[in-house]
Amino acid sequence: MTSDTDTLTAEDPITGEEIEIPADVEVGEIIDSPVTGTELEVISLDPVVLEEAPELEEDWGE
Amino acid sequence: MTDDAYTASVVGGTGFTGGELLRILAGHPDFEVVQATSRSADNMTVGRSHPNLRGLDLRFSDPDDLESVDVLFAATPHGVSMERIDEFFEAADTVVDLSADFRLPEADAYDEWYDGHESPEYLERAEYALPELNRENLPGADLIAGGGCNATATILGLKPLVDAGALGPDVGEVVVDVKVGSSEGGAGGGAASSHPERSGVVRPYAPTGHRHEAEIEAYLGLSVSFTVHAVDMVRGASATCHAFPDEPVSKGDLWGAYRDAYADEPFMRIVSGGGGVYRYPEPKSVAGTNHGEVGFELDPGNRRVVVFSAIDNMTKGSAGQAVHAANVALGLPETAGLEFDGLHPVGSP
Amino acid sequence: MTDDAYTASVVGGTGFTGGELLRILAGHPDFEVVQATSRSADNMTVGRSHPNLRGLDLRFSDPDDLESVDVLFAATPHGVSMERIDEFFEAADTVVDLSADFRLPEADAYDEWYDGHESPEYLERAEYALPELNRENLPGADLIAGGGCNATATILGLKPLVDAGALGPDVGEVVVDVKVGSSEGGAGGGAASSHPERSGVVRPYAPTGHRHEAEIEAYLGLSVSFTVHAVDMVRGASATCHAFPDEPVSKGDLWGAYRDAYADEPFMRIVSGGGGVYRYPEPKSVAGTNHGEVGFELDPGNRRVVVFSAIDNMTKGSAGQAVHAANVALGLPETAGLEFDGLHPVGSP
Amino acid sequence: MTDDAYTASVVGGTGFTGGELLRILAGHPDFEVVQATSRSADNMTVGRSHPNLRGLDLRFSDPDDLESVDVLFAATPHGVSMERIDEFFEAADTVVDLSADFRLPEADAYDEWYDGHESPEYLERAEYALPELNRENLPGADLIAGGGCNATATILGLKPLVDAGALGPDVGEVVVDVKVGSSEGGAGGGAASSHPERSGVVRPYAPTGHRHEAEIEAYLGLSVSFTVHAVDMVRGASATCHAFPDEPVSKGDLWGAYRDAYADEPFMRIVSGGGGVYRYPEPKSVAGTNHGEVGFELDPGNRRVVVFSAIDNMTKGSAGQAVHAANVALGLPETAGLEFDGLHPVGSP
Amino acid sequence: MTDDAYTASVVGGTGFTGGELLRILAGHPDFEVVQATSRSADNMTVGRSHPNLRGLDLRFSDPDDLESVDVLFAATPHGVSMERIDEFFEAADTVVDLSADFRLPEADAYDEWYDGHESPEYLERAEYALPELNRENLPGADLIAGGGCNATATILGLKPLVDAGALGPDVGEVVVDVKVGSSEGGAGGGAASSHPERSGVVRPYAPTGHRHEAEIEAYLGLSVSFTVHAVDMVRGASATCHAFPDEPVSKGDLWGAYRDAYADEPFMRIVSGGGGVYRYPEPKSVAGTNHGEVGFELDPGNRRVVVFSAIDNMTKGSAGQAVHAANVALGLPETAGLEFDGLHPVGSP
Amino acid sequence: MTSDTDTLTAEDPITGEEIEIPADVEVGEIIDSPVTGTELEVISLDPVVLEEAPELEEDWGE
């Protein structure tokens, strides 16, 4: 459905699978992996490198 | 979805009604969702906000970068659409707005009930979404204003009596006592809608002066005595209307009036007495669906007619009504995308 | 408990109000429970039925073997007490009955609303339990008839307006829209009160013709338009009364009327506006307590007064009211045994 | 429904899983429901029992008068199908049984866990319904035994670890702590499942010795330590499995094992960490759907793997699983009739 | 309250445990509350935050202006007390802290599980509040550290087995699967604790690594496998402990161990099998009370002992435990102020 | 509180403790133990002998 939207491909750091991310992400931005749902930080753009973002317990827990 | 599907965007996609629109449109054979916006979750997957939509391959994007679509659905708080309506029409041929911004026919009413209107020139162009009330004016409409959920429940309950002449501007008091679920408050609730405080309540949250009164008056021609209570459910709005027709009416008259009004309506059901557990309208019976249930009872002693009306505020009361209206406006089958019939048993949906 | 405590028995001890009586009396300084009856759990510990009473060293015994006590509390279904009232008086000096059997002043009313009365000669002797209504007649009374829970909520809400002359027999319609919890149905519920079916409901369970109307009419002199809904809570009854006084009333008039009525009442609270989460009466705020909360709002457009009233049906609406009345009848401190002030936060108690 | 749809009947149509079967089959393009049986509601409309099916033009009929159909679904209590299985096959080519009657492969197991088996000769012919476990044996099967809901949740959670060799018969303890909703008890609940008693519980209802252990052992080859709690929801079963693999495993190993198992499964989702509100499997996220969610976390200190698994007991845990298996057996598209993706927000469905 | 009552203040009076402290202390014969602090509701009445305390004639004041009292109760988030402990002792002779700030005996543990400690010199002086564990050290203690609610439930459940030698540091795995209500998150919840998102959940909120593990290890000498789930209740914590003693134990051994540990405890109850609806520990049975319920069952096949433990996190799990400990410390009757025995029926308290 | 009611003493079959039971119980009757809550069957009356009653799963479970 988003076929007409610009995307980049990158490697999911957890599963190693190829995933698509929006073309307008910036370095340092957090996005979630479409495969694992994990929050990933954009480390670099050329090439695209993603890393697992540190978990923010506080924003969720009780 | 068909090849020649209409493209659609949802502005306010992280919200409750925005998520419901996405759910319905994603399963609609004649729509293709190409954009869902969010400022707070820009670039995140839609499934992160709405776990039922994890299968949808879509990420939120910025509401300032609107894509060109056939139909733009706006599910934003009051005030956003009246400010951005020109931009919305630049991006889309048809705008369906779920907020109150274009619901009332007169700019005056916005002065009285809200804080005035920024784009009053659009008010005449806007059509009220509820097909049971306004079906004839929807085909071809390009600005559709979704009804308020409590107003929708009330209008669906009372309209048959108004049409039958049993109720009208001069007919005594009509008390409307509404009970609603917590999703009506939207995704950004405060302390009063935290789970510990909101659980188990019967809480008068709009004792008097609820803005939906304005819609009811505008579209039914009735001034009602309106009070809204929060109760412990998430989805659902239930209106109990106590009316005192001048002329005595019989049970048969009532059945006649409601059958006349709704027998051919694809989403309306008359549930009024009978056996088993579900004898009158209940939000549970329609949760997740675009159905509306209405029922009634006569109080012989005091000539009172009690009318019960139940909808899901997220579907019939907002997103479903919006899609239903869009279906009518675009000439699509009325029930397209809205076939889900609900669950039984179901707890507090 | 004091040395010269009154001995008490509870007939119907496995039931919901019976259990509540046992809870209150077990903590009451001036009562000693010597018997709790059950046919179905004869010889079993009371704690087996009521886990909060596991600390009580008492077993159920047969209702046919009544012990001699000072006060017998009957918490049995409608019809039992009117049949056994002579036996009850053989066993006890004072009988406090929680059922409807002695609530109405006239035998005729039992013909109209129930299936007639078997011991009409006791009706005049019986005093209605609600001290806020009938305190003056309770001292020394030996047959006390606990009010209905929905009637209690309604009477507490409307009485100040009646006393102030704002409402009366000739004053337009008074619509009373009640919401109640599942404990109102007692311990022996059927399919409609199973958890899957009863969870999350807004269910019209008495659209019209609820028997509590008779009590309200008898004690307030008002004929009301009465409708009861089941909602998702266990304890609690909430009455929203929509009234239309002939003469305009002001907010100040209302505060005056309610302060006059309740400022000195140990269990009544006026909760009407203000800040925070709890601005109007709520069943949650009084759950487990003998408190009643009342509040009001004015609808300027249509002269409507909306009154909110909230009680716990198990305490103020039955067992607590009964003990309160017994306290008054026996000359004990009114709040004895009834000091619990409730919990916060609390879910759906 | 297509012209050449399979005809279907549901024995036990007033029950909870019977109603769910009717709901799914009524919306299934390849099935036509021709009969739903009930002894207690014979000749009543299906919509009287299941308000979501008011649109279905069907009345219950006597289970002794079975019509000839392609597929008979039995949703009766344990023991009925094993007694009537010959009659069922006289009426239908394919029998899908939701009870435990044909789930276990060996008659011995029925002696151990149940009260023996009356038709052990059918046990070998029966195929366990869960496609994620037994897809290869389902095509052409004519006796299909639906899995138990708690067993299904557990098997879906642990199977990837067993397949990956991380768990096996000799690998320490596997504790399975299950939380279930009230619909698991079926429509005919007693005092413990009345709304006042069942609301808000965390109630150990099967501390040990739950019969579903037998299925888990039979199909996973694992003996588990199994405990089931009732919690306050209507639909849903959630299994938390605490396992201690002999060899250390990494997060990456776990992702690998679960992706291998479920990446191509149409109904399975891996939900394991991430952001937002829904980070792990939850019954709410799958309510009303045939989805199963699984997720996991590593406890580095003690080598523990915690696996979370969530299903709707009425769909994936019974009726949906049954239709999914029938789809596979008959060569239909796997997701036919099972496309509903659930709601958000949703309360306690 | 008696003449020579101890004066008390509550820092963090708008919070959930602060409100619970106020409720208990207001009804305590030996305490007089002279101050309750709040930054956000400074000068507002206590009843505005806690509707059950509307009868209390007290307004919040600034936590920077502490009055001199006998006992200061701190109910603030982690980190506040360790920073202000010197000030607290300037204002009060005895400090009872409900946070984790003084719970662990060693500063190292704060480095490992929290972000270090600012006043480690107080750690040795602090006494863990739970009387069932630490009664002997409480008399005369002037710094009392309330236990964590999940830790309390777990410790109460397992301690009898540890004392009886059935469990110990070298005894296999002990899995602790906890279910908690929403009040555990405190009054300031975010999106995940809004009513629409939090209702009806079985949500793994601490899959592994919950900080209460540290307390359990410190005080029981057991390393446990700990997982916490949020379920749909407001008050309550329920721990199910699955243990595998090396030596076989019998039902009689278990009864012996638990009777030895708790027969003389004023707040502990053993609930383990039997008839009726309430056969094992349940949070509902103890809601609003300072009781703890424990029970157990044997799984003969695999030598497992399953222990169930239920408390109200707001009372036994925090404010009640704190007052109980203060009673012991000051030489007051242990149950003073803590006599409330709970309600039946009660929904989801 | 029930001091004035006639009771018998018996041995709790699970804990061995002495418990009080109502004097009017009959052989075969099921009563619950005040100590353990367990359902006990009255096996004999002179002397009073109690035994753990078989559990009736069906009346409770789901």
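Chains here go by letter, A, B, C, D, E and F, matching the order in which they are written, and residues are numbered from 1 within each.
Following the convention adopted for this analysis, contacts are C-beta pairs under 8 Å (C-beta built on N, C-alpha and C of every residue); 3 or more make two chains touch, one makes a residue touch a chain.
Chain identities (UniProt): A, F = Acetylornithine deacetylase.
What you are looking at is a predicted structure, and each value in this text was computed from that prediction instead of being measured.
The minimum number of touch steps separating chain E from chain F is 1.
Using the mean of the Cα atoms as each chain's centre, the chain most removed from chain B is F. By residue number, the contact pairs of E-F overlap by more than half with those of exactly one pair in C-F, A-B or A-D, and this pair is A-D. For the self-contact between chain C and chain D, the two sides draw on mostly identical residue numbers; the shared fraction is above half. When chain centres are set by their Cα atoms, the one at the greatest distance from chain C is A. Note on chain placement: the centre of chain D and the centre of chain F lie 40 Å apart, centres being C-alpha means.
Spacing of chain A relative to chain B, judged by their CA centroids, is 36 angstrom. With each centre defined as the average position of its C-alpha atoms, the distance from chain B to chain E rounds to 45 Å. Measuring from the averaged C-alpha position of chain B to that of chain F gives a distance of 60 Å. For chain E, residues that reach two or more other chains under the stated contact definition are 16, 181-183, 187, 189, 191-193, 196, 199-200, 233-234, 271, 274-277, 279, 282, 284, 345-349. Residues of chain F in contact with at least two other chains: 32, 37, 59-60.
Of all residues in chain D, those touching chain A in their complex are 251-252, 255-256, 259, 270-277, 279.
By the touch criterion stated above, chain D contacts chain C in their complex at residues 16, 181-183, 187, 189, 191, 193-196, 198-200, 234, 347-348. Against chain E, the residues of chain D that register as touching in their complex are 172-173, 175, 177, 179, 191-192, 196-197, 199-204, 207-209, 223, 225, 227, 229, 231-233, 236, 238, 240, 242, 244, 277, 279-284, 295, 297-299, 301-302, 304, 306, 308, 310, 345-349.
Against chain F, in their complex, chain C makes its touches with residues 32-34, 43-45, 47-48, 54, 56-59, 61.
Here chain C touches chain E in the complex through residues 16, 19-20, 23, 26-27, 44, 48-55, 181-183, 187, 233-235, 269, 271, 274-276, 278, 282, 284-285, 287-289, 314, 339-349, going by the rule given at the top.
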